[in-house]
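Shared between the two complexes below is chain A, which has chain B as its partner in the first and chain C in the second.
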Partner chain A sequence: MKRHSAVRVAAMAAAALMAAGALASCGSGSGTPAADKESKTLRVTLANHVWTDTVKSRLPEFEKQTGLKVELSQYGEDQLSDQYNVKLNAGTSEIDVMMYRPLQEGKLFAKNAYLADLSDDVKTNKEWGWADFQSGPVLATTYKEKVVGVPIITEQEVLYYRKDLLKKAGLEVPKTMVELEAAAKVIKAQNPGVAGFVARTGKSAAVTQFSSFLYSFGGDFIDESGKSGVSSDAAKKAYAFYGGLIRNYGPANVSTDMSWPEAMAIFTQGKAGLYTEADSLYKNATDPVKSKVAKSVGFAPLPAGSSGSKAYNIPSWALGVNEASANQANAWKFIEWATSKAMTLEIQKAGVPGARTSVWSNPAGISTYPADLAATIAASTKNGVGHDRPLVIKVPESRDIVGNPIVVAITGGDSGAAADAAGAAFQKVLDAEK
Partner chain B sequence: MTDTATTPPAADRTMAKGTRRPGQPLQRPTLPRRRRKQPAYPVFRVVVLTLTVLLFIAPLVWMVVASLKTNVDIYDPDKTFFFTPTLDNYANVLGRNNYFVFIFNSFWVALCSTVFSLILGVPAAYAMSRFTMHRSAMVVLMARIIPGVSLLVPWYFIFANLRLVGGFGVLILSHMFVALPLIVYLMMSFFDSLPTELEDAAQVDGLTPIGAFLRITLPLSVPGLATAGILSFIFSWNNFMFALVLSGANTKTLPVAIFNFVSYASIDWGSLMSAAVIVTVPIMVIALFTQKYVVSGLTAGATKG
Partner chain C sequence: MTVMVTTRPTARQACSAWANRHRKWLFAAPAMLFVGLLIIVPLAWTVYLSLTDAQGSVRAESEFVGLANYLKVFSDTERFWPSVWRTFTFTGGAVAAEMVLGMGIALLLWRPFKGEKWVRVAILMPLVATPVAVGMMWRLIFDPNIGFANQLLDWFGIPAQPWLSGQTSALPTLIFIDVWQWTPMIVLILLAGLTSLSDEPDEAARIDGASSWQRFRFVTLPLLRSTVIVAIVLRGIDALKTFDILYATKGKGGGSFHEVETLNVYAFGLSFDYNDYGIASTVLILFFLLIIAIMWMVTYRRKGDRS
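After this line comes the complex of A and B, so read on.
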């Protein structure tokens, strides 16, 4: 009898749960806003970023102004990318505004017609001022002469250095690649357990930070004729130099799988004297909660190579409108608000470099930045190159190819031969995309 | 039932006490040899066990230790073991980021998908076992063979058109898709191991076939049900891929929400690790307390026929 009643109770509980679950499912299902024409609910998908945090805190103002309700979804960089791959591929209309990486996926998204043409929208409101946006980033969000995105966050490569270690060595901040190598050598020799130089070493992760070395040595991933430039003499010199710096003056037993979190950790633990990295990460080095060397960090433009100091100046993120969205007019309203001069100024003050010239020339726009970093960014923006990775559709594959000689150079192999092999492989990718 | 299966028959027991069978003296000489090996064996056993346990536990220990450190200390090799512990990370996860919502979401989806899968899967498994429906069983198994990622785009397409994406319903359905075959196969082998004579006897006593299933077979299958339920719950609790695409802002489950601490230009390792502890601990506790069922359920029917 006991068993029977136990079964009965279990069955009843299961039935109750089933009913409750079904109700909950229906409830949340019908709660999902319909993709009706010009819905009052705007679906915005953003990446986890300080930019997003600031925008999120100001959303109620936007909702009050427009009477719209914003439904915000927020994801990590890779998860956001995976989402887009599935959802946009299925032709979703459930995303209205999308935050995307113009250089990583912009070309692919534009080619697949995932991004709506904003060419007319950007010209409508003169006060908002499309002309105010830096030309390099604008180029990266333009596809076949159509504007498909508005750049929101820019990034330059800069030199992070330890003021105390350079002072101890009696050296000035390196202005050329030769001085950089000499300084790295002295720091390593003077300070046991401290590397002279550190930077990303992972095959794919290092490509973006290596790019500025490549440009400063006179090379590029794709040459003027549209062919692979990876096996050029300039590129071979850049590979050997970047890899050599880490091999000779980098941390002991350096891993060849480091991205920024690992390289930054070595620098912020006080285990390296010089470090080339994106300026957007500067708070990791200057925040005492995250860095042991917060007080002694300095910033300088990338040292000049044989062709000068040519750091990249790129839009790392932009906002676009989903082509399949039925709510495009409202989506534009959101972009116009989030990229307005006032919002850009506020976000930039929170530590996120924006793409508006007027905000950079406004003293308030650089008031929260370390003075040397602000000066460095101003200098890098002038000579900046508008890309930090090969501008192709298959970006991840290409990064693996052109990044391989970096690893070979770090491990002491023949980076020249590796560059030749990478050049041939990269040319195949270029040919296939023609 | 299980008692009769594990206890040796009376004849065997008396034999173990010393009754000799013809040919048994031949085994005797092996005994002293075994004794000679004894000193080496326990050492080997302890070393291998310690290494294995360390291998599995080290990442978990690191995770727990890191969750009690500040972000600067996590990277500091000098503070690997000796540091000033802080509960700030947990306060950040549970307080400022309100992870209770995600814990509830994960729990609700796992519970519903497990219960519904059991309700559908157990009768199906019974039918397939008793009426030898091997082809149907193969069809069910196909769901496990197809890689989940290849289903995501069509699923998203269908569910988006049904306006279901972002709700609990679609998450529960997607998890059931994977849990059902697991339950059906586990329960099939369990039912195969139960003698049909019991049901025949019940029917002779006046029960209908369904009555016999409900009153005789099902109560005897509790270990199997527990195994299937636990494994299905664990799968659902840990699932990341389906939840990433099919959940909405309010229905995110824990494995997806954990990535909130990974930003483009900063990673909050301390909070990430404390969130990881919060995801791992409930499932470890469940697994520890129920491992007896899982093992007995998994091996049920393994020695049949």
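After this line comes the complex of A and C, so read on.
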């Protein structure tokens, strides 16, 4: 009997050990393993982007300079988010440098303490020049007065248009929303099978491109008192206008799931005359390999609404350091290298708008841009609004809420009532985050 | 007089004796440990999460809220109940169509004919395709502006349809895609059942003057009953859990009006998009219970039939 219990104890101990081992191996991500301390391998996670392509091609230089080995993981936008959700939630130390979207995930990541404090790092190297970064983007990568990221890519909303179709219609480039609607109407009437206007239609995807319409009509997602501004009169007008443009002058049988790849495809296939979209995607329209209308694309600032032309001007991507990484010093080295003046200039020349003021004042910085696009960006940077979505912690949920009146307007529903409902729902999110 | 000499068994002998006595446990132990660690632990963790208000990060502090999440989910008529309804519509619609079509095709393939092999290979093609690739392919075919489906309709003078982008047409279109992909599996299962049937009852019915329909309805189908049930159970559970083609064609949230949001897509959105781990776990636990309940009903009924 005794022997039995001894064996039983031993078996239980073995089982416990095994379980502990398994648990420890599950949790090994959360600690800071000593072996990683001096790691010469730097794990960098980046999004699929032209920015990444350029950095990737220059990586051997960085590796030679520092003696570090860079392990690069690259994902599409959604997959990147899912990766971060799973890995950072588990407290992984397997990511050192992370490319993230300050406006989409910045607040959440900073609140969850996923992002290391870089306040001291950005100040150490005067030559690298933290002061050179545009103030709007810097604000977006700062959380509770701590710098948690370095902005790398900026974006403004601009009007893409077909020069040939406007010429055929005998029209000037639209400068106001009224002219935009009139031009869309004429283009659709003159060219069978071609939409007058196209833009994103997906409930969540459209929010960012709708935001500039909202600001230009005098509204905002959150008003000055910190309350929901989604059900204001200005917002209702903007919803009805944006949705009406697509409903009345958009592609036939328009889908309500379009993000930029779908909307851009319609434009670059020559199936639309006017298109409002982020300027950072302009290469898709001007590259003859990707676009059937490469030669006839023009760019102009967002047409002015009742409150003027107020396009967003935002940092779409930034680099941060994982708080749980044991390789933070080397991670900073990588960021310093990838965001240096020279690299930012080179990447901007490849077609990615940078976040440093010096690359915009430098003629070489805009030498590769179409002249009208460079002028447009200069104008939007001046009176741009620093956000393109509600600045909250729960961004995805809020986008679904404030985006609903857009799709209701596109499908011909009562967007005013939808805006009222969205306003109430969004206010609940705001209250919960207080 | 013989003396009984009792020697103490050596440790090795004792160990092997013990192992021998408990062999059923020992042999099953690795599998049980595996099940315990990989199924029960995550399940228990999910149950625990469903009782908390965890959000943002699972490592962040969360409060125990009891059954509050369950109450919230049960009273959610905007997303939860519609997705329950969609889950069943999708599963019911797809499985019913697959069974009818699958039975028809299996009956056609049952009797040997020329070129049988090639037909079988062709029919099995959709089954081996990756669901995400299938989703992307149909998404292109059903594109309202540049897709092949609308061009085809145009040749026959039928007006273009919204297909996947329509609020009411998206779910039926996805049922169609599911039927396209999974009918072959039903065909396989039913064909296996059919080939194992003896010809005699059918011949007897034929001699008695039964029509083809009567022979199918009163002879073949009853004999095939257990195979049919297996096919329905397997495909039904699989269809309930469908995620890939829904996500590949409509993305997070199942479209702007949540028109194809099933329980699976809803739970995914709650955890990966909204970071509401508490509510997401609640939905998943309810979904899990639902599948268990259906399984239980099916097996219970079958046991009842036998007795």
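Basically, the second predicted complex is superposed on the first by the 398 of 434 C-alpha atoms of A that agree within 3 Å, B and C clash if a C-alpha of one lies under 4 Å from a C-alpha of the other, contacts with A are read in each partner's own complex, and residues count from 1 in each chain.
Just so we're on the same page, a contact is a pair of C-beta atoms (placed from the backbone, for glycine too) under 8 Å apart; a residue touches a chain by one contact, two chains touch by 3 or more.
In this text, all values refer to a predicted model and were calculated from it rather than measured experimentally.
Judged by the touch definition given at the top, the superposed model places A:I393 against chain C, while chain B stays out of reach. For chain A, the partner that touches more of its residues is B, with chain B and chain C as the two candidates. Of the two partner chains placed by the overlay, only chain C lies in contact with A:N253; chain B stays clear of it. Once the two complexes are overlaid on the shared chain, A:Q269 sits against chain B and chain C alike.
Of the two partner chains placed by superposition, chain B and chain C are both touched by A:D82.
Contacts of A:K111 after superposition on the shared chain: chain C is touched, whereas chain B is not.
Judged by the touch definition given at the top, the superposed model places A:K290 against chain B, while chain C stays out of reach.
In the superposition on chain A, A:R162 makes contact with neither chain B nor chain C. In the superposition on chain A, A:K333 makes contact with neither chain B nor chain C.
Of the two partner chains, both chain B and chain C are touched by A:G91. Contacts of chain A with chain B, set against its contacts with chain C after fitting on chain A, overlap at residues 3-4, 7, 18, 22, 30, 82, 89, 91, 265, 269. If you check the complex, the residues on chain A that touch chain C are 3-4, 7, 15, 18-19, 22, 30, 78, 81-82, 85, 88-89, 91, 108, 111-112, 114, 201-204, 251-257, 265-266, 269, 271, 393-394, 396-397, 400, 403-404, 407, 411.
Partner chain B is touched in their complex by these residues of chain A: 3-4, 6-7, 14, 17-18, 21-22, 24-32, 34-35, 47-50, 71-77, 79, 82-83, 86-87, 89-94, 261, 265, 268-269, 278, 280-281, 283-284, 289-292, 316-317. Of all residues in chain B, those touching chain A in their complex are 70-72, 75-76, 108, 111-112, 115-116, 118-119, 152-154, 156-157, 160, 162-170, 172, 214-215, 218-219, 244-245, 248-251, 256, 259-260, 262-267. For chain C in complex with chain A, the touching residues are 14-15, 18, 33, 37, 56-60, 143-146, 150, 160-162, 164-165, 167, 250-253, 255-257, 271-276.
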